[in-house]
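Shared chain: subunit A. Partners: subunit B in the first complex, subunit C in the second.
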Partner chain A sequence: MLHRITTLFAEAKDLNTHRIHNREFTLEVAYIGSLVDESKVSDYILVPFTKEEQSFKTILETNPSFKKIEDPARWAGNLLRGFVLVKLENAIYMLDAARVIRNQNPIAEVESSVQGPQTALSEDLIDSMNLIRSRYPSAELKIEEGTVGTLSMTRMLLLYDQRRVDPTLLANIRNRLKEVTHEMIGAVGELEKELSSPRRALFPTMIITERPDRVARALSQGKLVLLLHGSMFALILPANFFDFMHAMEDKYESLWMTNFLIALRYLSILLTTTLPALYISVVSYNPELFRVQLAFSIAGSRSAVPYPSFIEVFLMLFLIEALIEASARLPRYVGSTATTVGGLILGQAAQQAGLVSSIMIIVTSVVAISNFVVPIASMSYAIRFLKYPLIVLSIFFGIMGVAFGLFIYIVYLCQLRSFGKPYFRFLGNITKKEGDIGQVNAR
Partner chain B sequence: MNRYVMYNFVMVSLLNLMLFVPNILFQYRYHGAVSSLIAAAVIGPLFGIVFIRTITKYPGKGVPEILNENYPRWVTVPAFLFFALMWFSAASITVDAYAVLINRFFNPDANVLVILGVMCVICLYAATRSTLSMLFIMEIMLLLNVPLIVMLLVKAGGSDQMNWDAIRTASNYVQSMPKLAPLAAATFIFTGYLNLSIYNRVLPPNYKFKRGYLLPVFGIGVLATTYFIPIGLHGIDGVSSYLYVWSATSDSLAMEYGFIERVLFVFLILYLNLTLIYTASGWHQAMEMIKSCFPKYKPSIDEHPVPRSNYVIVSVFAVITVAALYLLNEKHLTEFTSYWLIIRMFSEYGLVIWIVVHTLLRRGAA
Partner chain C sequence: MRRFCTACVAFIMLSLLMQGCGFKDIDKRFFVVAAGIDRTSNADKPYRITLRLAIPSPKAEPGASKSQLESIDTATIAEGVRLLKGHVDKEIDFGHCKVIVLGESLVQSDYVEALTWMIRRRDIQSIATVAVGKPSAEDVMNANPPSERYPGNSLFLSFGTEGTDSPFTLQMFLFDLERRYTERGLDPFLPVIKRDHMTYMISKVAFLDKQKVKLTLSNEETQMYNQLSTQFKKSSIMATYKGKPIVALLTGIHRSYRIIEQNGQAVIRMKVRLRCILEQAPRGLYNSDWRQIEKAFSDQYSTKAETMLDKIRNTGVDPFGFGLRYRAMHRGSDATWNRWVKLYPNAKFEVRTSVKIDGTGLIK
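Up next is the complex of A and B:
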């Protein structure tokens, strides 16, 4: 066995192959030193083998941690996942001794909450499963294991409540997972892009979350959850647009304020997508839209600006997007410096230099701030892009262009499906007795 | 799903302004418009309720499937082509009229054909979606727009400038007999139920039409506001001097608080949304009618990805629409519309009677 393994692998220093003897047997052991916990190897194999308190053969046969492996083709794959291969008298066993380096007890930072649960999922599948199982103690929870990525062979778990899940959805997602042919899958975001159809969707059709409470709630609603080894985020599917606008916090806080906050989020995404385009159309096309006093004050604040409004908008949007990007990419201690410097430029200086109007500065900051109100980061990113097509339309058609653009977005959202389920629709009260539209097709 | 039936009805009835219905009514204001309104308020809901009750007896089937199963192709294909033409022309008139309206009130410098082209591309995109998506789009757009439209109508009705004397004078002409043209125009308000001839495919099998009284109540409300509010604001003589009478009416109102002062702009944007959704829906139905002419066609209510035939058919619609505006002016458009409304009334009631008689005969035979 050892000879065969050494020929399978490229020359690697951490590939350990030993042949050891005791009075009874000769044992061959192979593992990759960097992937396994060496103490486990000595506790389970080397010490019992050399102490000889019990025949090592019976240990291998009785201890369920050792699994028999028949197919030599699986040797390399298992070694690479942190298994130890043991050969005793022509029988080959494997032992899981993987040592996973991961974040310890992570705190939810992307989707933080004030009074909700604070832990986030872990980068290790077993820890994540612990968190989810303890929140969803149901015997109906089914877990399927698999790998994605032809090269990365990332371990993946598919979780669902077998009584609540929609079987057609399950078949659909299994097929979709089979079609993933990427070499490397490193994070759930990458998997999401591979699974979503159409490939170039404007909006995310699956939720990426780090919160175990969100995962547990999704399971109870009959949704599917995908976990990836090495990524502390879970993928929940299917999802609709309104799920993305809900923070888990909404369930934990006072009813009226959270309802108000949800309304505020919708208002915010409307503002962040339309405001720059509306600025262009009001300044360059239809100043008569606003009441006279307001139109005058906008025109007055622009009096020092020498170029058309859309250049002004592009200038400021470039600055704000660059600033957001810089503060996200920089190391944390330099980040605050960048925001201070950028804030100075965006604030007073640009306006006093006569490069942009003061109204435009307000527009820019409203656009930036209201974009961050969206609770799920992937939706926040998607919405960040939406303002640019509207700006282009408003350059050519003014207010009407903005209205055209919003109409197209709504049509796009309405025709989008998340694994066959409608993505954007007003649910209203649908009673079982009356049925829902589209049922005839779905049977 | 009662509300989806109602959406169709509400959409078409509010859209009457774009099809010059008020203009036609005002032309006959001394010669039978009021009595035509009353006659329409009886005929419209009557046919509507009868049609809805009949067609919902065929769950999952639109008019094309019902007729194709029972009549030879040489009967049904011309009929479908004719209905497709009716739906298509209504939608195209609307979008043509609206493009001109944008040119008049919003972007006077822009080329009207360019604006129309963009609107046609948008409607092409929307109309080629699946039937199920069409209803979702319609629902969202109406939920966003109709509350504001109703608010504006109420605001117009409660305006200080309203001259109730003029309205009283106008209603005194009730004695003159109804005429064909105003009757056809007024019954257009109730024509939304006919959209079910395609959308019935989507309704659930155990659907039962409820709250039928909303049809006459809402329809009469829309008829009354459409006809009487402009008369109250412009006077019974002045009202005929406008082509876009409702734009002028909304421009006579002001919102005293807030960013926007002139109601006109809010009104135009709301009606833009309504026009786009009506055009998309009309083209979609015309497209489905044409597709039903092919013997191999199997209707599907939620098809992804969109079949290429959808794009081909609706592109032809879009090209014809742009060409129509290039060749015709507003005067031709209004004239054409008044004829269209009359043909529409007869063909619509013909279709309703056909389906109802067919259903009754089938029940008699069974």
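Up next is the complex of A and C:
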């Protein structure tokens, strides 16, 4: 066996192959040192083999941790996933001794909450499953294992409540998973792009979350959850537009304030998509829409600006987008530089230099701030883009263009489906019993 | 992909052609804050147009407003405005023209042409206020109140409920003027603006028929008209009681009327219910019998109201809309209207007022 394994692998220093003897047997052991917990190897194999308190053959046959492996074609794959291969008298067994480097007890940072659970999913599947199982202690929870990525062979778990899930949805997603032909799948975001249809959708149709409580709730609603090894995020599908607007915190805090906050989020996304376009169209096409005071003060502060309003808008939006991107990409130690410098420019200097009007600074900051009110980051990203088509429309067609663009967005949202489920339906004949979003069998 | 690129390039090139159509930045526009239209004695150029153009400034401080006055004599209003464009460096925009002053000379001859122009012109908002300028619109335009924060502010605030709430200031919107001009049985009225050195004085109302002004009321009558027609509450009533004047502030007003035909004569029975608090009165009224005071108020109010209504009727205008009410209650044919035309000049008004005093304004 050892000979065959060494020929299978490219020359690698961390491939360990041993042949050891005791009085009874000759044992062949093969594993990849960097993937394996060495103490496990010695505790389970080397020590019992050399001590000979019990016949090692019986150990292999009785201990369920050792699994018999018949097909030599699976050797390489298992070794690469952190298994130890053991050969004893022509029988080959494998033992899972994988050592996974992962973040320890991660705190939810992307979707933080004040009074909700603070832990996030782990980058290791077993830890994540632990968190989910403890939140969803149901015998109906079914877990299917698989891999995605032809080269990365990333381990993936598909979770659902077998009584509540919609079977057509399940069949659908299994087919889709088979069709993923990418070589490398590194994070759930990548998987989401592969699974979603249409490929170039403007809005995400699956929720990416790191919160185990959100995962558990999704399972209870009959949704499917995909976990990927090495990514601390789960993919929940299907999802509708309103799920993205909903933070888990909303369930934990006082009713009226959370209702108000939800309304505020919808207002915010409306503002962040339309405000720059409205600024252009009102300033350049319909200034009578302002109150007189505002019209005069905008006209006054714009009189120093040499460019038409849309150049001003593009300038400021470029600055703010670059600033956001820079603060996301910069290492944490230099991160504050970007915000300080950017804040100075956006705050005062741009206006004093006569490049933009003072109202434009307010517009820019409203656009930036209200964009981050959306609880799910992928939706926040999607919405960040929406303002640009509207700006183009507003340059040429004014307020009519903006209204038309918004109408197109709404039509688009309405025709969008998330795995066959309507994405933007909030009116209509949905009874609790029938369910709507993947909760066909839900009570 | 190639087709997509071609489409993109085509779109950009086409849109470059479209630019400039309606796109004009706010700082490249000259906002008209008030417009005045007068009639001149010159037959070739019968209109004089005066525009107050705002000079915008980023700071809004009391007294910091700056504006520019442009005036021109023309044959037609529309041509005049177009000619005025040659006098200024930016595009003239009527979008914020909230007050349009018609000169007394204009409303005394024929205001219809001016009204039609205002309605037709798309950038004049229908919620603009129309008023009569005395002695001329140009004179009113010349006033430059020192307290203004931004150009035209004083005029905007004088009307409506945002600034001062004077019972003597009635507001006539452009859309309402148009409606009253076209409606049978409802005639327009306009507030009268007079220049008082650097400020405005708006305390009278003028009644117009479908062509020109017919009657201007006095200050006191204007207030009463405001109470009776719009049930305006922030106003006062006056009466003499035992030889001394008493003034009371209204806290509630309710007016209703019916039109009855008796022996071929129209009788308009108006019921007015007023609640008030005494504002200026002799001391020691608290313990006297309030019913006496209420009766004095009621009787005197009824007499005054009847006099005012008679006065309006005698000039043949109908700003209350009695004719509209009559048409609404009868068959909608021309015969009804012709009948009302005969009835109205001899119509009789019976006003019954009941005044209720809520308090003396003092704690005993």
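Basically, the second predicted complex is superposed on the first by the 427 of 443 C-alpha atoms of A that agree within 3 Å, B and C clash if a C-alpha of one lies under 4 Å from a C-alpha of the other, contacts with A are read in each partner's own complex, and residues count from 1 in each chain.
Definition applied: a residue touches a chain if its C-beta (ideal position, glycine included) is under 8 Å from a C-beta of that chain, and two chains touch if they have at least 3 such contacts.
Here the structure is a predicted model, which is why all the values come from computation and not from measurement.
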| item | value |
| --- | --- |
| If touched residues of subunit A are counted for subunit B and for subunit C, the larger one | B |
| First, second, both or neither for A:Thr62, with subunit B first and subunit C second | neither |
| Which of subunit B and subunit C A:Pro308 touches, first, second, both or neither | second |
| Touched partner set for A:Asn175, first subunit B, second subunit C, both or neither | neither |
| Contacts of A:Ile410 with subunit B and subunit C, given as first, second, both or neither | first |
| First (subunit B), second (subunit C), both or neither touched by A:Ser358 | second |
| First, second, both or neither for A:Gly398, with subunit B first and subunit C second | both |
| Subunit B versus subunit C as contact partner of A:Ser284, first or second or both or neither | second |
| First (subunit B), second (subunit C), both or neither touched by A:Ala299 | second |
| Which superposed partner A:Ser254 touches (first subunit B, second subunit C, both, neither) | neither |
| Footprint overlap on subunit A, where subunit B in one structure and subunit C in the other make contact | 285-286, 288, 292, 398 |
| Residues of subunit A that touch subunit C when the two form their complex | 283-288, 292-293, 295-303, 305, 308-309, 358, 395-396, 398 |
| Touch list for subunit B against partner subunit A, complex | 1-4, 59-60, 102, 106-107, 110, 115, 118-119, 122, 125-126, 129-130, 132-133, 135-137, 139-141, 143, 201-208, 259-262, 265, 269, 272-273, 276-277, 280, 300-302, 304-305 |
| List of subunit A residues in touch with subunit B within their complex | 198, 285-286, 288-292, 294, 397-400, 403-404, 407-408, 410-411, 414-415, 417, 422, 424-426, 428, 430, 433-441 |
| Subunit C to subunit A touching residues, read off their complex | 15, 18-19, 22-27, 29, 31, 33, 54, 56-60, 93, 95-96, 98, 123, 125, 149-153, 156 |
